[in-house]
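Below are two complexes that have subunit A in common, paired first with subunit B and then with subunit C.
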Partner chain A sequence: MHLTLGDIERETYKKSPVHRIDGRIKILITLAIIIYAVALPRADVLNFLKLGLIEAYLLVLILFARLGFSYLVFRFMIALPFGFGIAVFQPFIRQPFFSDFTVLYTLPLGLEMTREGMLFGASIFAKFVVCITAVILLSSTTSLSDFVASARRLGLPKELALLFTMMVRYLFVFWNMLGRIRTAQKTRCFDIWNKNVTRRWTLEQIGYTISSLFIRSYEQGERTYQSMLCRGYSADAHVYVSRKKFSIPDVFVLVLTFCIIILAQISLNFL
Partner chain B sequence: MHIPDGYIPLEQTAIYWIIAIVFIARSIKWARSDMKENMIPLFGVLAAGMFVLQTINIAANLVIPIPMLGGVSWHIVGAALAAIIFASPWAAVLLITLVLGVQSLFGDGGITAMGANIMNMGIIGGFLGYYSFIGFRKLSVKQPVALFAGAWISMIAPAIALAFELWLAGTFPLKQGVALMGIFQGVAGIGEGLITVIVFGAIVRARPDIVSEDVHSKVSTVKVAAACFFAFLGLAIAAPFLASSNPDGLQQTASMVIKESIGDVVLPIQPLFTGYSIPGMGKTGEVAAIVLGLAAIMIIWLGIIKILKKGRDEYNRNT
Partner chain C sequence: MNIIETRDLTHIYRGKIKALNNVNFAAKPGERIAIIGANGAGKSTLFKHFNGILRPTTGEVLIKGEPVTDRNILKVRKTVGVVFQDPDDQIFAPTVKQDVAFGPVNLGLPQEVVEKRVIEALETVRLTGFEERAPHHLSAGEKKKVAIAGILAMQPEVLVLDEPTAGLDPGGAMRLIWLINEMNRYLGITIITATHEVDIVPLLADRVCIMSSGRIIGDGSPQKIFATDELIRKTHLRLPLVAQLLEMLQDEGVPVDVKFTLEEARDELLRVVKQNASDTG
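Right, the complex of A and B next:
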């Protein structure tokens, strides 16, 4: 199975209460959740309760968004390895910010699992999972163009907004272009794992694919730029975004999210 | 090699973000005015192409013929490539920022950690990759070799920076981190180098007007020296933390041999800086000693190059 850009974009075109929330609100709540999760103390047993509450809230939102199950599993599987790889080392490392360590198990080769290390490792992994869930929810319910427009409404500088607008518009064009190149290569039985040709030749073919993509995207950029000039593009041109008012459900979700974060922070301290 | 959210504390990510924002702002200014015209739309479209070409997986055993690497693959980054083609490291900063922005939306690299990621791959990778390429060209190294070296440095330098960031965050021990990331990126860097050489050659053949080759020879040596200085400064600051306090194998063997056989004859000869440090200055002394040492090596190296060049010129004149 292979997840493509198209699959992600298809999820964003589903209709659900979460999809209908204003993009600005979704960006704000994603940022708030991520910053809150990252700002939690390094190692604290309460972290798990706090992060668990927020994760549960995010999962409820995902349930409302009616995202495909296999799609979700696949998104997580792509995102997790690097973070998991670092977290899994933590119990064996003497972190500089702990003064004393309690050894839980001693493994062969002189490896010692410490309680503090395990707590820290589990803590950063939990933070990471919450952040990834928030980002997956945002990117699966907001189309890329809506995302850029919302970011512009939130005050993204106009040059960056223009850059991202152009990028997002042509992302799928080049994605499909690469797909066509790959199909053409496949019909000629090209395979990077093929052992019957020299490695140098295979590497050259990949290099040519990359240079072809680079030149084609550069030329597309030239054409687009020239046609924009013809229509009066100049240095002070900017991407137009219409003004948009928040609806009542939007405000409700925003307030609810901040309530959940405050709840996670305050109430669990009394436990 | 994208740092995810949660692995660097918030206050440290803020510092990386500030550095990244300063560089992004300058790179946008470059795209607007330093090129002949306002090229912002073009770079937007090109960034989409860069994003897609980073999704091309390349088998690792194409570069290193070890059967164990059968299923491993990596993708190119292209920071050095972009900087060299547009003859400016700002192109790399701009393109990598855009690509990382969209990648973080797809869960590849964190939002809070994006500043650090931009700093590693765009700024450190782009600047060091580009200026090492220019530097090698100035030392009259052949173009493909200089391209390879630039691309390799643009991969290994971010890996070392990444290891240091994770160490500062307390997430990963320094020596193991540098070794692990260094080996991984060093291997990937070989592939990046080879692909960069192939792609650069292909682009020069198809669209020589894109590549600003004439600018490469006009880059002032001061800029190269400045980039070199910052790289060595970083290395010098980093080295004392990496260097072990135990004498290394060579030193130990030497001292054993000396004590046993020649004894008093050689012992009076003392090294200039014992223990890689200037006495009475602590860690600063170690840094200063390494800076001095590197400067000495650089001066000797430049001297050798100059003599070699002189010899070659005379040889060319005579034949």
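Right, the complex of A and C next:
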């Protein structure tokens, strides 16, 4: 199984109550959850309860969004190894921000597993999982164009918005282009596991493919810029974004999310 | 034996879009076949089945009598070469020579055979001397020829061309048609062309298959296919311009038969003019 840009785009075009929420609300919710998760103490057992509550809330939203199960699993599988890679070494490192360490196990080669390091590593991983879930939810329920328009409505500078808009447009153009190049290569029997050719030759061909994409993107950039100039583009030009009002469900979801965050923070502190 | 055959070939994209619907098609060695149809009729999808880029949802594709499988895929792709519409999708190496050598190297041929094949292929498409040129410095017609040379170097028995004259100037298009016919005549390569430029169909093919909504709805000589008005209208195509002119003359009462190539039309008009002259004389 593999995941393509088209698969992500298809998920964003599904219809569900979560998909219908205003893009601005989804961006704000995602940012709020990421900031909250990152701001939690470095090592605290309560972190897991707080993050668990937020994760449960996100999973309920994912359930409402009717996202494909295999799609979700695959997206987690791509991201999680990065978080795991950072967390897994923490129990063996003496972090400078802890003054006391409780050694749990002593391993060969002078390695020591500490309680503080373990708690810190587990916290990092839990924070990572929550942040990734929030980002997957946002990116699977908001189309790229809606994301840019929403960011613009939230005050993203127009230069950045234009860059994003063009990236969204040409990401798909170049993705399709790469697809067509790969099909044409398959027609001429190219296969990265082909035993008829040397590994070095195969790598060279992959390098040529990437450089040919660079040349084509440069040429495309020139053509697009000239056609923009022909239509009156200048440094003062604006990216058109229509006005949009929040609906009652939008406000409800925003308030609900902040209530969940506050609930996680306040009530679990009394445990 | 048929060199390419499809039996009840159906292809459904993403479980929803039926791009091909029970297509039964067969090509004999040495034939020149044009597959015509409007955009989205299923021509490109059908072509991608001919060399196993796509696999049937139901039905089967036979190349020289053998069904296409993972085991014989290299043999299939060596037998059936596909030239795509945009040569930029095919040409990616930094020099013409390296690009033409790409296919033969993938087949595991020894260095000297690869060199020989590259020289021969470039000679066939009249691009000798272009070996070290960078592809992005070539004209559209030259790029098209490099793309064809890249396939020819694999010595295919069938050449499948998707919209071969798209984006070429009239002179470039005519030279390419001449080249394609030469490959058929002298190298014995079976030619299958997809196009919606009806004016070039009689020049490129002895047999025309007409596609609409994923089905082949007509199959026969250009004369037979273009004589069926209903088929042409249904597929949003038109008659070749010379045939349209002769039809207009027919409507005006001139006793001409409808022809489809310039030469045939010239002969027909000469016949009518001479007959007219002898009647009045």
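As a convention for this text, the second predicted complex is superposed on the first by the 262 of 271 C-alpha atoms of A that agree within 3 Å, B and C clash if a C-alpha of one lies under 4 Å from a C-alpha of the other, contacts with A are read in each partner's own complex, and residues count from 1 in each chain.
We adopt the following convention: contacts are C-beta pairs under 8 Å (C-beta built on N, C-alpha and C of every residue); 3 or more make two chains touch, one makes a residue touch a chain.
Computed from a prediction, not measured in an experiment: that's the story for all the values here.
Asker: Check subunit A with both subunit B and subunit C modelled on it and let me know: fit or clash.
Answerer: Fit - subunit B and subunit C, as placed by superposing on subunit A, sit side by side.
Asker: Is A:Lys127 touching the first partner subunit B, the second partner subunit C, both, or neither of them?
Answerer: Only subunit B is touched by A:Lys127; subunit C is not.
Asker: Between subunit B (first) and subunit C (second), which, if any, makes contact with A:Arg180: first, second, both or neither?
Answerer: A:Arg180 sits against subunit C, while subunit B stays out of touch.
Asker: Look at the residues of subunit A and decide whether subunit B or subunit C touches more of them.
Answerer: B
Asker: Quick one: is A:Asp44 in contact with subunit B, with subunit C, with both, or with neither? Answer first, second, both or neither.
Answerer: A:Asp44: touches no partner chain.
Asker: When the two structures are overlaid on chain A, which partner does A:Val197 contact: first (subunit B), second (subunit C), both, or neither?
Answerer: A:Val197 sits against subunit C, while subunit B stays out of touch.
Asker: From the CA centre of subunit A, what is the angle out to the CA centres of subunit B and subunit C, nearest 10°?
Answerer: Superposed on A, the angle at subunit A reads 90 degrees.
Asker: Report for A:Cys189: first if it touches subunit B alone, second if subunit C alone, otherwise both or neither.
Answerer: second
Asker: Contacts for A:Ile215 in the overlay, against subunit B (first) and subunit C (second): which applies, first, second, both or neither?
Answerer: Touch partners of A:Ile215: subunit B and subunit C.
Asker: With both complexes placed on chain A, how many Å separate the closest C-alpha atoms of subunit B and subunit C?
Answerer: 5
Asker: Between subunit B and subunit C, which residues of subunit A are contacted by each of them?
Answerer: Residues 177, 208-209, 211-212, 215-216, 219 of subunit A touch both subunit B and subunit C.
Asker: Quick check on the complex: what are the subunit A residues that touch subunit C?
Answerer: These residues of subunit A touch subunit C: 177, 180-181, 183-191, 194-197, 201, 205, 208-209, 211-212, 215-216, 219.
Asker: Please output the residues of subunit A touching subunit B within their complex, sorted ascending.
Answerer: 8, 30-31, 34-35, 37-39, 42, 75, 78-79, 82-83, 86, 89-90, 93-97, 124-125, 127-128, 130-132, 135-136, 138-139, 144, 147, 157, 159-160, 162-171, 173-175, 177-178, 192-193, 199, 202-204, 206-222, 224-225, 228, 233-235
Asker: Which residues, counting only subunit C, touch subunit A once they are in their complex?
Answerer: Against subunit A, subunit C makes touches at 48, 51, 53, 74, 77-78, 81-82, 84, 86, 88-94, 98, 102-103, 105-108, 135-136, 150-151, 154.
Asker: Quick one: which bits of subunit B touch subunit A in the complex? Just the residue numbers, please.
Answerer: Within the complex, subunit B contacts subunit A at residues 1-2, 4-10, 13, 24, 28, 31-32, 38-53, 55-59, 61-63, 65, 70, 76, 94, 98, 101-102, 104-108, 110-112, 166, 170-173, 191, 194-195, 198-199, 202-203, 206-207, 210.
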